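Please go over the structures that come below.
Next, two complexes with chain A in common: one pairs it with chain B, the other with chain C.
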Partner chain A sequence: MSLVALVHWINETGFSKYLRESELAFPLTEAIHLIGLGISVGTIVWVDLRLLGKVMRDVRVSEVVSRLEPWAIGGFTIMFVSGIFLFLGKPDNYYSTTAFKLKMLLLPLAGLNVLFFHRSLLPTIVEWDDRATPPWQSRMVGAVSMSLWVVIIVLGRWTAYFADPLYRSMKLF
Partner chain B sequence: MKAFARSMAVAVAGLLGAAASASAHHAVQAVFDVNKPITVSGSITKVEWINPHSYISLDAKDEKGTVQHWVFELAGPGALRQAGLSREDRGGLKPGDMVKIEGIAAKDGTTTGFLNKLYFPDGRVFVLANKDPYAR
Partner chain C sequence: MYRVLPQSFFEWCAATPLGKFIAASVWTMPILETFHIMGLVLLLGAAFTLNLTVLGVGVRIPTDRLARQLFPWAVGGLLIAIVTGIPMFMSAAPLYGHSGPFAIKMSLLLSAIVLQTVNHNVRGMYGSKVGRVIACLTLVCWFGIAYAGRAIAFSNLLGMQPY
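Then we have the complex of A and B:
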């Protein structure tokens, strides 16, 4: 089964139909997605700014990370799960947009950026924990993270706005 | 901050490029012409109560008697219920219903439009939007 066929199969299930036709479930899922976004990106941005040396310059990087990261992970989990349900509601519609495909490519990059920070930079943190402006690798991680999230959020909105009303330009198969 | 500003500029430029290559925009006034009112009568073939916009498809005969397939976009499920419409499983809108639709035509000239008023043969009228879909 090809990917588009799978997407279309999901689109035709009763659960998918229920979600997109619901008066409450769909708008509520959208709200939960935004709450998750607020909690996760709302905390991620402060870690990123600390890595860039722009805020809390007198607080150790490790302290900023350890205090905010649980909230970032919790918020991301809410956002991720609700995002899956949003997709399940309108898979054909979203999959037909370039914005959605780009977003799905960028999300793993944001994950790899975090992974790189944890695997390659955090082990040496004792050497630069106190520095107001962290080394360039860490600043880069902060800049990449912030840029990716800005783009991912815009692409998320554009998925809805470029999903063709009336399905005229939908090319699924 | 310079490096950050530069990376943001690159990101924004990339997005604008993606925007230019994408096709249709969802804003009602971008897709439909508020100054091009249309009236279409026919038999409903499909009703989709979808968030955030619903769709009604119908087969309508033009002046020459040729059947044309039309698709109209209209308000979402909650707004349709508030306007007094109900779903097929509650005895409401269903395929086969004869209706007259007043709306505005799509800018691209296809047989698609945005629904403003829905008329039934028994005299019931459902007003879902004004001429300007954003005016309430």
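Then we have the complex of A and C:
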């Protein structure tokens, strides 16, 4: 079964139909997705800014990371699960939306960035933990993370617009 | 909102060149909304981190010091949200004026701003019991704002009727 066929099959399931036709399910999922975004990216931004040496310069980096990361992970989980439900609600529409494809391309990159930070930079943190401005590799991780999330948020918002049949019918491109 | 402000105000908003321009434009609204969400993330993140710290579960450094650093970012995020929110409101003011979630959002916004400012500016609030209760309430307000904001765009969100 090809990917398109699979997506279309999901689109025609009763659950998918329920998600998009129910008055409550889709809006509620979107609201939860947005709140998850506020919690996760909202806290990730502060870790990034600390890595860039812009805020909390007198607080150890490990302190900021260890205290905020659980919230970021919690928020991300909310966002991830609700995001899957959003996709299940309108798979056909999202599959054919460019903004959505780009978003799905960038999300793993944000993950790799975090992985790189944990694998390669955190083990040496004792050497630069209390530095106001961390070494360039860490600043880079902060900058990459912030840029990726800004673009992902823009693409997320645009996905909602351009997956919408009304906007599509306007033939903007 | 239509109960506290005259209908003519909402109609005037929508009739301004700005209001008419946005209502007629395809691209302006998505762009404004995109920035609105960015402002929201900045604001929610700062307010979340700050209030969690007041509650003793955030970053373990003196709250006053953290607050001094986070507060300007929260204000910045709020300003972005307000600057992008006003034109969005103007484009369909009479509609928003009659929207229940919009009225709830504005009430919560006012409460959140007042509560957060009181907590921030009254000496000794951070670290006190009252300060922690206020931090809790403020958090509920900020996330309620995000929820009600989303509800404005939909016909029915957990019993919230838009019009």
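Please note the rule applied: the second predicted complex is superposed on the first by the 164 of 173 C-alpha atoms of A that agree within 3 Å, B and C clash if a C-alpha of one lies under 4 Å from a C-alpha of the other, contacts with A are read in each partner's own complex, and residues count from 1 in each chain.
Heads up, the rule we're going with is that contacts are C-beta pairs under 8 Å (C-beta built on N, C-alpha and C of every residue); 3 or more make two chains touch, one makes a residue touch a chain.
Just so we're clear, the structure is a prediction, and the values are computed from it rather than from any experiment.
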Chain B versus chain C as contact partner of A:151, first or second or both or neither: first
Partner chain(s) touched by A:43 [first = chain B, second = chain C, both, neither]: second
Touched partner set for A:97, first chain B, second chain C, both or neither: first
First (chain B), second (chain C), both or neither touched by A:121: neither
Which superposed partner A:55 touches (first chain B, second chain C, both, neither): second
Touched partner set for A:23, first chain B, second chain C, both or neither: both
Touching partner for A:78 - first (chain B), second (chain C), both, neither: neither
Partner chain(s) touched by A:31 [first = chain B, second = chain C, both, neither]: second
First, second, both or neither for A:161, with chain B first and chain C second: both
Overlapping contact positions on chain A, where the chain C interface meets the chain B interface: 23, 27, 150, 154, 158, 161, 167
Chain A - residues contacting chain B, complex: 20-23, 26-27, 52, 54, 89-90, 97-99, 102, 139, 143-144, 146-147, 150-151, 154-155, 158, 160-169
Sites on chain A touched by chain C in the complex: 23-24, 27-28, 30-31, 34-35, 37-39, 41-46, 55-56, 58-59, 63-64, 67-68, 71, 150, 153-154, 157-158, 161, 167, 170, 172
Sites on chain C touched by chain A in the complex: 26, 30, 33-34, 37-38, 40-42, 44-46, 48-49, 52, 58-61, 65-66, 69-70, 73, 143, 146-147, 150-151, 153-158
Sites on chain B touched by chain A in the complex: 1, 3-4, 7-8, 10-11, 14-15, 18-19, 21-27, 31, 48-53, 55, 71, 73, 77-78, 81, 106, 108, 110, 112
